[in-house]
Amino acid sequence: MFDAFGSSALLHQAITLLCFIIFGVALFGVLVKKNLFNIFLAFSIAEAALFLFFIGNHYAAQLQAPILFEGLSRFDPAVMVDPLPQAMILTTIVIGIAVLALALTFVIRYYKLTGHMRIDEMDELGEDR
Amino acid sequence: MLLLDLLLMLLIAYGFGFLYYGLYRNLSARVHGRFGPSLAQSFSDSIKLFVKEESTTFGWMFYLGPVIMASGAVLNVLFIPFLNQGESLQGLSSYGNLIVVLYLMVLGPLGNALGVGSSGNPFGVMGVTRGLTRLLALELPFYLAAIGVMIDAGSADFGIIMQAQSTQSNMFAHPLLFAAAFISFLGFMGKSPFDVVGAPQEVYSGPATEFSGKFLALLMSQSAMFSFAKLLLMVNLFWGGADHLGELVAKTFVLFVAATFIGSVYARFSTVQSVEFLIRIPTLLGIVGLALL
Amino acid sequence: MFHFEATLLAHLFFGLSLLVILPLLRRRDLVLHLLLLLSLGILFYASSLATLFIGWEMMGWSSYFILASSARVATLQRYILFNLGGAFALLGAIALLYGFMGSLEYRDIDASLLPPWAMNAIALLLFVAVFVKSGIIGLHDWVVDSYSEATPLFSAILSAILSKAGIYLFIVMFMVLLKEGATEPLLFEIMAWLGVITSIVATFKAISQDEMRRLLAYSSIAQIGYIITILALMQGFALEAALYHTLIHTLIKLLLFMNIASIIAITQKERFSELGGMIYHAPVLFLLLVIGIIALAGMPLLGGFNSKFLIYTALLEEKRALLLGAVMFSSASAFLYCYKLVYGIYLGQRPQEASLHVSPKSYYLPQLLSAALLVLLALLPSLPVGYLSVIGVELGFAPLDDSNLFILQSAFGSFHGGALMGAFGVAFVALLGLLQLAHSKAKKVKDPLDISYCGEVPRSETNLHFGYGMGYELHRISFIAPLLRHHSRVLWDRLSLIASDFSALLSSLYSLSAQHVTLLALLLFTLLLLGGQ
Amino acid sequence: MNLKRTLALSHLLTGLLVSVMIIALLGTLRLLTPPIDTIGETLLHINAQSTQVANAVTSVVTYFRGLDTLGEVSILFLSIFGVALHMQHSTRNLFGAHDTLLQIGAQVLFPLIVLFGVYIITHGHLSPGGGFQGGVIIASAFVLRFLAYGDHYEPSARLLTLSESLSGAGLVLLGVLGLLLGDRIFAQILSLGTMGTLLSGGVIELVYLFVGLKVAAEMTLLSQHFIKARDV
Amino acid sequence: MSLLYFVLLPLLALFLMPLYRKHLHIISVMLNLTLLTLALTCTHTLPMVERVAVDLPFAITFVLERASWLLLTLFTLIMSLVSLYHLRYGNDKALFVASTMLGVGVSGLILSHDLFNIYIFFEISSISAYLLTALNQDVKAYGGAIRYMIVGAFASLFLLLGIMLIYLSIGVLDIGAIAERFGLIEPRLQFLILLSLFIGFGIKAELFGLNFWVADIYQASRSSVGSLFSALLSKSYLFVLFHLTYLLHVSPSQLFFLGLIGALTFVAAEFSAFKSHESKRIFAFSTLGQIGIITLALSYADAMLSAAALMLILTHAVAKTALFLALDLLERHFHSSHSTIFARFHAPFLMGIIALAGLSLLGIPPFAGFVAKLSILTGLASLEAYGAVALILLISLIEAAYLFRLLTGFRQGTGKERLYVAWSHKLLLGFMVLLLLGFGLMPEPLLQLCQAAAASMLGGNHVPL
């Protein structure tokens, strides 16, 4: 599918560009959105962009999954993608979910206690509280 | 022998003190175009007061105040040598020095101030306050001059100070210092324009307000002795002291007359005025004099 | 960390510090007082700069906690901040020294190895430490408030003992450790003048106080100003004069503060305007106070003169005429506050008959002791000279002559304590006898209001004690008034206001919302990325 | 009006900042060149001998970087614990649908999905998949039940917590056993088997089993807490 | 003896929780004391290296050298003290889980030599910190936790970016290996990586520019939690930050930048505390201030200064823990942490503890804090960094101003409430202060430990590959 890019370097550049545009949009969301829910969602998007960037940069045309499957008999880095990034991203995705779940729980509880979930109206902490 | 010497010194101081006081009253009267009382008037006044039948006291401190003051005057006389040579009339001067004497001069007024204070009369204390306030400005030029003299002689000892002037007296060697000291001296003598302490119009003749009878007599006597001691000090510091009694009398007399004349023509300064004057002109003179040393 | 060495100098200072146990008479804050004593021991016997600093700081905070039981918050803040400021300056000097010496032991310090700039920087830092502790004018704010707000007994400790720590520090640092250092002489010149200016300004401030302990506090500042001035001469006889004055000042301030503690215990009053006429209620206390102020004024006949004499002759010997003039001027001005002290409390009229309490008997003991010592020293002025001269020799100076205990020797003359005392005694007794023998009888007035009062009859509600306001005239004198009107506190207050504003600005950063915090972090990232390479 | 303008301005500035940062970032990232070799490739090389696992990702996840996985599992545990603690639980289901068709469908699909999940877990070392994926699939079966039965479905929370805890403890014990019996954490204390068969990989399979069970329980709990959250 | 026990034992204790859910407080104490004992038994076998799974040079490695041992011992000690403190308050599931996991996280952070593994422990400790912040379950707690999560998520994004870039450019994750190959990276990319790591760790290590959230978080959490944050959390991130800094041989200008950031942290924090009246915020600022000094000292990469900084970490941790635990007692009694509560109670022992711990915090003799401060100052002076000496001394005055303002309350005011302090708490707090005093009076052994630790920290990677 990505063979159209010809060289993997070009492919990687394209992926990097795309991912960091997403990353930037997500960061923009983090910085300007007022709804707490949206902010955490934006974080998820930013994370996803990073994952994509990382995995994408380890892919090159004609590389296989690092699994001995359908005729492959030995592990060869020349024809297989690096398994480590995949493992890392797997782990990171789970962590992302865990954090998101916890964050949303807090947001829900906060909403229940205060009736709002806008970040610019959070004023419960500070010098005079 | 020493005891006799000391008694003689006290006697001289006492006698000349009253004599000069009488002279002062006469002289200033003449300057003002009046006739003054007889020379012995003050002396007889003091005797009169001393033998009065009754005097009031406010308690033991009031009683002791004049005694302390008179003791201070006595000590002053005893610790300043009358002559610049020889054994006689040296008093206790070898046991002390100029610095001791400068501080002894304050002892009497302090005792008096304690006595005045214990009377509870606010006017008396007002006089004391004025005196002390004036004192802080009065002493500065005098101290500067004394410091100059001491540094010049290399000692605080009277004998050495007087010896150092054997060729040229300090008055001519350090005229600025002398000028500073002399202005202060006017104040010390209670002469105008620095006589605000006992100004009878405002403060009921100052510290002496409540004293009467024998206390007043004691105060008058000590005042006479004290002023002689001050004359003596000036003579010793700036005029090289005296070789013999005659010279002493002559020198003190000249100094006394000078002070009297100046005092007679000036109007009284207020406390603030006198402080501001003393802290400016004579102090400046003193500082310049020290710088020239 | 702890290294000690017993020197005579340390013995002298620690001997004086033993007075710290004094407040135990009242059995309060036992632990803190013992800590304070311990800290003084550490400070004086230290033989390493680290140990010295430990003692210095412990002294600071233990006294702070003792003070905290009675003083106001603002005073305490001032006390600890000034003290720590001084301590940190000391720490800075120690760190600087360590940078060159690589050791903090006294014996390893060789100041001749220091480059001049470092020596001068160290000297300046040490000056700050010494000046703060001694309350040099401008850095004295904490002194007055803390003295006047401490418990009366602790005021005595503060003034009699703790204020001497700065003196000790100076002596140890400049006369022992850094003696060989190439300190710029100008610094000592400045120090000498700062000392004397301090004593002059403090004297005037003392005169214009209405509170007894504030007056004494300023007086302490002034007295320590002399010591600073004289120490700046860096001479053996000057050192001995300074030590002598330290000794005398400790005795005097102990006496005076204890006296005032008694008065406060009796009347529960602190101000001259509320006191007066106590002489006939407490004659013994009056006499003790008179002894104290005569010594404080430095008049002959009491020990106070001895050290003044040594100071003056030391200055004369160095031919520092102007400095001496200023010192003498300040000393002469001190008469005014001395008199104010005795008048305001004991003399004049009692304003109103308030109920009087009894002073604790234990307060008399230290007073009597000090008074006795002051009298003894007047009689035998050379008594401590032997000891002081041994200290001088220990520090490498020439010994002083103390062959005759009655005579205090100096290069500029000497005086005989016994002769002075004897002459005064004889004159006093003779004149008293004369007065007694006089024909006239002294009659005691029945009513204290029976006074000459411009022909009027004062009544009991008439205020006759307005003499307590003496010294107010100083406000009219053009060159003194600005000194009295301006207060360095304004400067410090403004500084603290600036700090407080700055603090408000910064702390608002710490109240930002999480979004802004991330925004700032991103900004930092971007800026560094763009410009950081 | 003014507020709006300020807001717009601040958005503009923020946008500008982000764009500048992204552009700068991209400018630097252009320099990115792939490394000569990576540890991932090394691991790929030695995978066959040391694990006998056909899926290299699995061997990396469970064996070479088993510690990461342990940490990840703990994070999940921590997060679920937090959710359970802070979400006030109620019996009311947010999705109160009572569609018979859905319920019957769920009844049919539930065992199938679970079975599929188990398959994914047990074949994690042979093909794409593994404990996490399988666990989530199993959890999805439970989610289906929540959706279908609404308020009437309430899995035993105790059982879920217990299985979560015990599987976690099993995982740790496996590590500790490796330390005690072998010479390191997750040491191969079981025989490796032959590559490509179901019973290959030794400990790896057990790790994935525990992980799968744990993830299944945790995800179920998680969805339960969110689905049954009280009056949001 | 395996280093992994420091991770595995707490995890096991957590996962087996259903077995003893009523006695979690006791288990917590036992666990932490066991870990402390384990840490102490490691003394003679340093340095220790442990590999996970394979013997490859670049496998996940756990390393315990002198510096990390020192911190590990400190962390287990503080955890033990805090769990002992909570013994009286009975079973608290949430606290048990979160604090135990925090222990796992910080131990892992300082032990692990694998960057991605460090990221995992980074997340573990962060999430436990979120949970600890939310412990009180009120508006403040949730508000704080949400703030913390936003900032934390941002930090982990950048940390992740840094790790990814490292792997993408040199293909290794072990920090020793990274150090070896770091030079191969294009300089601009190098800088980007360092910057990303700096933002990631810097936020968590509470450095200036990235630390504006800290005061709110401390305020939102319980005081006893504050002690964990202050003594464990920020210190472990700081340690990793500097461990990486030293290993990657960053340029002098970058070290200078770190030092500058440290100085700014110090100044800003102390000034902010000056106006604060909320004791938890004040203590938070004071923690920031100490972190600033530590950063400043470490940024010189000098053996003596690093030893001093480690010493400061130790003494600050103990003093802050004592202060926070004492504050927790007050907070439980008054239900407030406004600074006025210091003037409202009477309890001589507690007051003494607070005062003495405060003195140590300020670096006033004869407490251990002084030794640390003196070493830092002398160290700076011997490097001729006189400006830094002056700055520390000057700003310490501000610190003194606000700390003493708190302490003044003890001897002021009337109508104080008598506060009962349990014997166990007295014992615990007394122990901490004795520790401070003991190491203040006899600092040599501790200083030697710190010097050895600093040498191993600066000596780079000691792992025999």
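The letters A, B, C, D and E name the chains in turn, as written, and every chain counts its residues from 1.
Simple rule for what comes next: a residue touches a chain if its C-beta (ideal position, glycine included) is under 8 Å from a C-beta of that chain, and two chains touch if they have at least 3 such contacts.
The structure displayed is predicted, hence computed values, not measured ones.
Excluding chain C leaves the other chains in the touching groups A, D, E | B.
Chain centres here are means of the Cα atoms, and by that rule the chain farthest away from chain C is D. Among the chain pairings, B-C comes first (most C-beta pairs in contact). Farthest from chain A in terms of Cα centroid separation is B.
Chain A and chain D have Cα centroids separated by 15 Å. Centroids of chain C and chain D (each the mean of its C-alpha atoms) stand 75 Å apart.
Chain geometry summary: the mean Cα position of chain A and that of chain C are 70 Å apart. Taken residue by residue, chain B touches two or more other chains at no position, since every residue touches fewer. Along chain C, residues 507, 511, 513-515, 518-519, 522, 525, 529 each make contact with two or more other chains. Among the residues of chain E, those touching two or more other chains are numbered 116, 120, 123, 127, 130-131, 134, 137, 146-147, 150, 154, 167-168, 171, 173, 188, 191-192, 216, 275-276, 281.
Here the chains touching each other pair up as A-C, A-D, A-E, B-C, C-D, C-E, D-E. Residue ranges on chain A touching chain C, taken from their complex, read 27, 30-32, 39, 119-120, 122, 125-127.
Remark: chain C residues 277, 279-280, 283, 286, 290, 294, 297-301, 305, 308-309, 312-313, 316, 319, 321-322, 324-325, 328-329, 332-333, 335-336, 339, 342-343, 346-349, 412-416, 419-420, 423-424, 427-428, 431-432, 434-435, 438-445, 448-449, 451-454, 464-467, 470-471, 473-474, 476-479 touch chain B in the complex. Across the interface of their complex, chain D is touched by residues 2, 4-5, 7-8, 11-12, 14-18, 50-54, 56, 58-60, 93-94, 97-98, 101, 104, 108, 116-117, 120-121, 123-124, 127-128, 130-131, 134, 137, 165, 167-174, 177, 186, 188-189, 191-192 of chain E.
Residue ranges of chain B in contact with chain C, taken from their complex: 50-61, 63-64, 66-68, 70-71, 74-75, 78-79, 92, 95-100, 103-104, 106-107, 110, 113-114, 117-123, 125-126, 128-130, 132-133, 135-136, 139-140, 143-144, 147-148, 150-151, 154-157, 160, 204, 209-210, 213-215, 218, 271-272, 275-276, 279, 286-287, 290, 293. Every residue of chain D that touches chain A in the complex is listed here, in rising order: 10-11, 14-15, 18-19, 21-22, 25-26, 29-30, 32, 34, 37-41, 43-45, 47-48, 54-57, 59-61, 64-65, 68-69, 71-72, 75-76, 78-80, 82-83, 86-88, 126-128, 132, 195-196, 222, 225-226, 229, 231-232.
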